[in-house]
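Order of writing sets the labels: A, B, C, D, E and F. Residues in every chain begin at 1.
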Amino acid sequence: MLPLLLIEPLVRAALVEDLGRAGDITTAAVVPQHIQAEAILVARQPGTICGLDLAATAFHLVDPGLRFSPSLRDSARVEAGDVIARIGGPARGILTGERVALNFLGHLSGIATATRGIADKIAHTNCRVTCTRKTTPGLRAVEKYAVRCGGGANHRFGLDDAILIKDNHIAIAGGLRAALVRARAHAGHLVKIEVEVDALSQLEEAVSIGVDAVLLDNMTPAEVFEAVRIVAGRAITEASGGITLQTAQDFAETGVDLISVGWITHSAFTLDIGLDI
Amino acid sequence: MLPLLLIEPLVRAALVEDLGRAGDITTAAVVPQHIQAEAILVARQPGTICGLDLAATAFHLVDPGLRFSPSLRDSARVEAGDVIARIGGPARGILTGERVALNFLGHLSGIATATRGIADKIAHTNCRVTCTRKTTPGLRAVEKYAVRCGGGANHRFGLDDAILIKDNHIAIAGGLRAALVRARAHAGHLVKIEVEVDALSQLEEAVSIGVDAVLLDNMTPAEVFEAVRIVAGRAITEASGGITLQTAQDFAETGVDLISVGWITHSAFTLDIGLDI
Amino acid sequence: MLPLLLIEPLVRAALVEDLGRAGDITTAAVVPQHIQAEAILVARQPGTICGLDLAATAFHLVDPGLRFSPSLRDSARVEAGDVIARIGGPARGILTGERVALNFLGHLSGIATATRGIADKIAHTNCRVTCTRKTTPGLRAVEKYAVRCGGGANHRFGLDDAILIKDNHIAIAGGLRAALVRARAHAGHLVKIEVEVDALSQLEEAVSIGVDAVLLDNMTPAEVFEAVRIVAGRAITEASGGITLQTAQDFAETGVDLISVGWITHSAFTLDIGLDI
Amino acid sequence: MLPLLLIEPLVRAALVEDLGRAGDITTAAVVPQHIQAEAILVARQPGTICGLDLAATAFHLVDPGLRFSPSLRDSARVEAGDVIARIGGPARGILTGERVALNFLGHLSGIATATRGIADKIAHTNCRVTCTRKTTPGLRAVEKYAVRCGGGANHRFGLDDAILIKDNHIAIAGGLRAALVRARAHAGHLVKIEVEVDALSQLEEAVSIGVDAVLLDNMTPAEVFEAVRIVAGRAITEASGGITLQTAQDFAETGVDLISVGWITHSAFTLDIGLDI
Amino acid sequence: MLPLLLIEPLVRAALVEDLGRAGDITTAAVVPQHIQAEAILVARQPGTICGLDLAATAFHLVDPGLRFSPSLRDSARVEAGDVIARIGGPARGILTGERVALNFLGHLSGIATATRGIADKIAHTNCRVTCTRKTTPGLRAVEKYAVRCGGGANHRFGLDDAILIKDNHIAIAGGLRAALVRARAHAGHLVKIEVEVDALSQLEEAVSIGVDAVLLDNMTPAEVFEAVRIVAGRAITEASGGITLQTAQDFAETGVDLISVGWITHSAFTLDIGLDI
Amino acid sequence: MLPLLLIEPLVRAALVEDLGRAGDITTAAVVPQHIQAEAILVARQPGTICGLDLAATAFHLVDPGLRFSPSLRDSARVEAGDVIARIGGPARGILTGERVALNFLGHLSGIATATRGIADKIAHTNCRVTCTRKTTPGLRAVEKYAVRCGGGANHRFGLDDAILIKDNHIAIAGGLRAALVRARAHAGHLVKIEVEVDALSQLEEAVSIGVDAVLLDNMTPAEVFEAVRIVAGRAITEASGGITLQTAQDFAETGVDLISVGWITHSAFTLDIGLDI
């Protein structure tokens, strides 16, 4: 559950974006103010739900008189037809808040569902699926939360909470050793260091200098298997690059600790959720 | 081209989201301040580009000393391997701005590419593809712009710039006629009115009362064809509901003016674009 | 009624502007904290009220313990001496919130009253009075709302919700036809197009190319009458330019659909409203 | 001259209010990007100019490539037909920025002109005209500046920069003496204290307790004359309440130090200024 | 007591600064959601308390379900071990809000305590201790409030609420007389003028031209005594420059009205306050 | 060096706080607009400088025409009398920006100097001094940067970038083991876990379960020495609680990796820096 202090500004901004300068002119014109209504949020396809607090906040900000009663909790799996929440109160508020609530709920549930898809494929291993910084601008905190709701683990939240030395850093710094030595000199005692390794030949050097994690980039499952053997528990191992729902299992069974997948945040389908009155 | 006044706050917020409180600690530790670099943005798959101004703004905000030189313009089609832009200047700035620039560029190019895909399928007709309000919270203006770059047309930007009477409005208002009469009484002279029609039986009534457009929801191409015949040019016709890349042509060939597709904004894949130094 | 999401930030900003860094130092010094008071808002001159929600929000933000009970609703006409609302609770809050509440209420009621003045003059016709974009920076949404409370209709809310081609656009575009053709090619299907016509000779061309509305600028009532005859219902007609409370009726009786008046928003007198304890 | 740090956010917000989500769709559709233009801002009626920096900032924010060359400075008097400034550069930017620039310039020049009108009437006395806190929400700083440009003096900028004890404060505090004693105990050494006096009988008490200024509310010129005699230089004297352009001179000639007038900020007419290309 | 409108944004920003993008990950991981707790805020050293409203707001914003019950009021003196407030409710909220609440409370109580230290030393005189503009960026309003809670008086809140002519102004303006004449011509009737005097020889000139206050900068107590004699009640006198807890009494006993001390805001120790569960 | 994207909003807000609504009324009244000046920032006492970019930004935001030329870089040590930077350009801008520039520079240099004091005392050991989350609300990022400039290391930047299990967490979670097990299950692979240990008896358990760091709270140097021996390199060791400039060396010589000190951020004296024209 994310703190309301972080999600309220997002929802408020989304509502203001939708209301524009004149507000919901259709509802104002067509729906009398006194009419009450009951509505349900219904899944139109199977998936994993995420974003109930954001949907609740959307309706609450539009009209504090609306009651939002979730039927389940974030992370729950649903089938097509399952009721996700009930909303009751002034009809105008339900109609005005509907789109923003659904936009958040569908987007985040889509991410949770995509993550869940991979997590299920690798559930028999000790490997976990993790996200990247390839998130939608402005929505990183909630998208990372959706990954957790789908059974995934979180990678860095930004450029500032861990050191991740990539190929470009190494090239510019003048080699892996130079980069790592500088990183270790600068890192605070609670900051972990991960280094990207594109070839098995770099791996022993990286681990022997001392890193918290190695990012095995664009390797085959066989190469990852070999890399895990070389590392031998001296660092966390993460496989990355082009991993799909189909190949996830092969990677996970190599014994690697994590597989990281960008598309669960940047290219997940929206989960189809409807509002019925 | 969107005004800088609208995109600069988005890019700034995305950078602050990524920088967090401590900034890019990897680059600060590993890359000496004086090093200059040249980088290129390269398409890794075919598509339609959108978001160059946002990428340029990202690098400019990180370091005004960076030069960003696009090789093409928004709306351009690219093949895998095509250079999209060149960035030159302090290496630190390139590395720090990379992810935010790519997140915008990939996301918006993905929308443009998805839209282009449909637009190409229906190019032989007078029908156009249009978007919906199912956009990512906070990014509506730029996503709508991406739709235009992909050859699509824009639907409403929000709840306030046109009246769109949907099934729920009609139900609550007590029927189509009541809803339309109220809408016409309230609408300013520059506000158009569109009404959702779920069955052909409602269509003649709607058009005879007078509307600017009719939304033909969840109809088959055959039903849409019949609807277009009934409307007979008295209103703009828009088909909506479950239209895919495969079925777009069938709908377009009915003579309908517009097909609206939610997934080009809410579920488009990110276009794969890389930064090479 | 405007959504609270849109008016709350305005009222909050106005209060912070008035409170400065040290708050209401007079009240803090002079009025003991425990004192309760009852106050009334009273019209000191006849007019049309607008802004009750903003006044209520001002007192509520200063002290949630204050009760604000309006005696009437926005759009109501008042005579001098009429009670508009009652406020009860801690005296400090009433005194601190008074000025901001009155500044909004007086300003918006002034606009509503000015609009009402014209609307009454033309009530026997089918013509309506409409506003312009000549609004006070920052207050467009609420000023447009005040126009509606005064019986007027709203023109564009901004540069983005309709196309209005003015003389300068036509000159730069190379003529009326060129401008209109470009506009029709770019406009979304829910965007209306209005074109300014300074001479009757341009009118037939404009209407025959196809526009939603024509802006008849700086014409005499006789010219407007002739223009309405030429248009013959093929477009909405709007007369504009130097229309006063005295000449409004002459214009309205030409059969024109709308008269637009900038001064109802940019030069309306504030309605005199007082707070009596 | 106001600091750019204070006016830039105002202008930026006004532009964003006008641009909405889609920007200036008329100009984008109708005016080719490469066209350059020259425009002039011209006074359409006589008055006193105020707001050139805000107008310049509006054009600069829309397009930094625009050149804004004022022909005169804030506080200058103009006749109908006088050129106020020249703007050159991309035609699109001129058309997009025009309305916001004119809205600020017209509104503030209107206030300056109204103030100048009174200032001229009382120029032969030592009396000055001053404003109140009856300003447009959000624009207090610039409206107070406009008053100075019109030859007026500024009253309090907010609730926090001086103590002004009004009738309601006195009533609640239990009398003038009690209120003044409390105020003097709380006021910092750089905070002045002014007290409203509704009857001459209170005046001697107020002055003898010690105040920096007395606000003579709703008195006739004869009463003000008598009040000035009683005060005899022991405090600054300010007349207030219903003072008009016609009666200003009578009040000023009583020897009072200041006359305060709310309508120069809350009910001034906009000065008519046009932009010709 | 400061208005909630001014302190809420400060507390909200501080919480968001502490929560970052992922929130309180320790508490989320370690503390079950249903656990309730009771906590007390306890002084660990003697001092004067300031900031209870900010602490209450911090806990309230983290979880509106938390109860915050202060045992005393701002300005109260405490001994080590005294309970300042009790907080009850969900354990998670207490742990998440603790640091921000304590950071405000400790910082402001430190300022109040430092001020109180001087105020006590000079309590037998008519002299008061006052603060400067040497405050922590962003916290001026609350730090000035802390000075009041410690028995001090407030100097200017900013560059805009009084005129304070310093040595650099005099040098640039071409002398004391020139500076003062210009200042008096520009100052509104509720704006006081204070002038810095570095040598007794300037003092008579300043007072005879007419100022509200003189700032006696970097003088010895003997010089201040002489200055007070020269001024002879014609202006408020303020001693400034290097005044310590040890020398405060010597200055105060000269008869000077105020001693201003920068370090009570910029270099006060934080008061040690703990939260015990 | 911190990114301008993070410091510019801080400096802008501080300037707006100081300018208030009317700006620098002293300078506007007293200093003619055309006067140019040269000024120097001079250290009035020995110390370590931090904040030059913030000072430069302050002057730049007040007037982009000002030139700011630092004579040294952040982290440099200065003696009393050393010139820190030169500022040239319009005199008004120098006077208006002075206080905000000095407030940042003095505050951050004070923190750097305090940190440097401890860092020098322990320079002969492998121990480093680190900060806490006891920072001034709103200034955490820059205060943490000042600690680095003083030769210190940074602890957590917020609640979200590392797990730190304190005594209250352990008590509520039902013991050290329960807390640690939960923490390890939730932590992302780049998140470190530190646990507070108040007694040596808990230490072996903590280390054997597996933690990245142990916080040895309120122990004597002798106890810390013993703790370091027990940990034997299996975790990072941090001593905390009541460490002063006098006792820092004793703690550092125990072999502990870090000593954390709250007062270097929350109670450091401001470094005395002056601006001479």
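Here, a residue touches a chain if its C-beta (ideal position, glycine included) is under 8 Å from a C-beta of that chain, and two chains touch if they have at least 3 such contacts.
Since the structure is predicted, the reported quantities are computational estimates derived from the model, not experimental observations.
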- Query: Starting at subunit B, what is the smallest number of hops through touching chains needed to reach subunit F?
  - Reply: 1
- Item | Chains contacting each of subunit D and subunit F, listed by label | A, B, C, E
- Give the chain pair, either A-B or A-D, that is connected by more C-beta contacts. A-B
- Query: From the C-alpha centre of subunit B to that of subunit E, how far is it in Å?
  - Reply: 52
- Calculate how many whole Å lie between the centre of subunit A and the centre of subunit F, each centre taken as the average of the chain's C-alpha atoms. 32
- How big is the gap, in whole Å, between where the Cα atoms of subunit C centre and where those of subunit E centre? 44
- Query: Hey, what residues on subunit A touch two or more of the other chains?
  - Reply: 17, 19-24, 28, 96, 140, 154, 157-158, 160-161, 164, 191
- Task: Indicate which of the five shapes (line, ring, star, complete, other) describes how the chains touch one another.
- Result: complete
- Partner subunit D, residues of subunit B touching it in the complex: 1-3, 5-6, 140-141, 144, 154, 157-158, 161
- Query: How about subunit F: which of its residues touch subunit A in the complex?
  - Reply: 130, 153-157, 160-162, 164, 188-192, 194, 212-213, 236, 238, 257-258
- Item | Interfacial residue positions of subunit B with respect to subunit A in the complex | 10-11, 13-14, 17-32, 35, 37, 91, 95-96, 99-100, 102-104, 106-107, 110, 133-140, 157-161, 163-166, 168-169, 171-173, 179, 182-183, 185-187, 191, 262-263, 266-270, 275, 277
- subunit B contact footprint on subunit E (complex, rising order): 17, 20-21
- Message: Which residues of subunit B touch subunit F once you look at their complex with the stated criterion?
- Response: 12, 15-16, 19-24, 28, 33, 61-62, 96
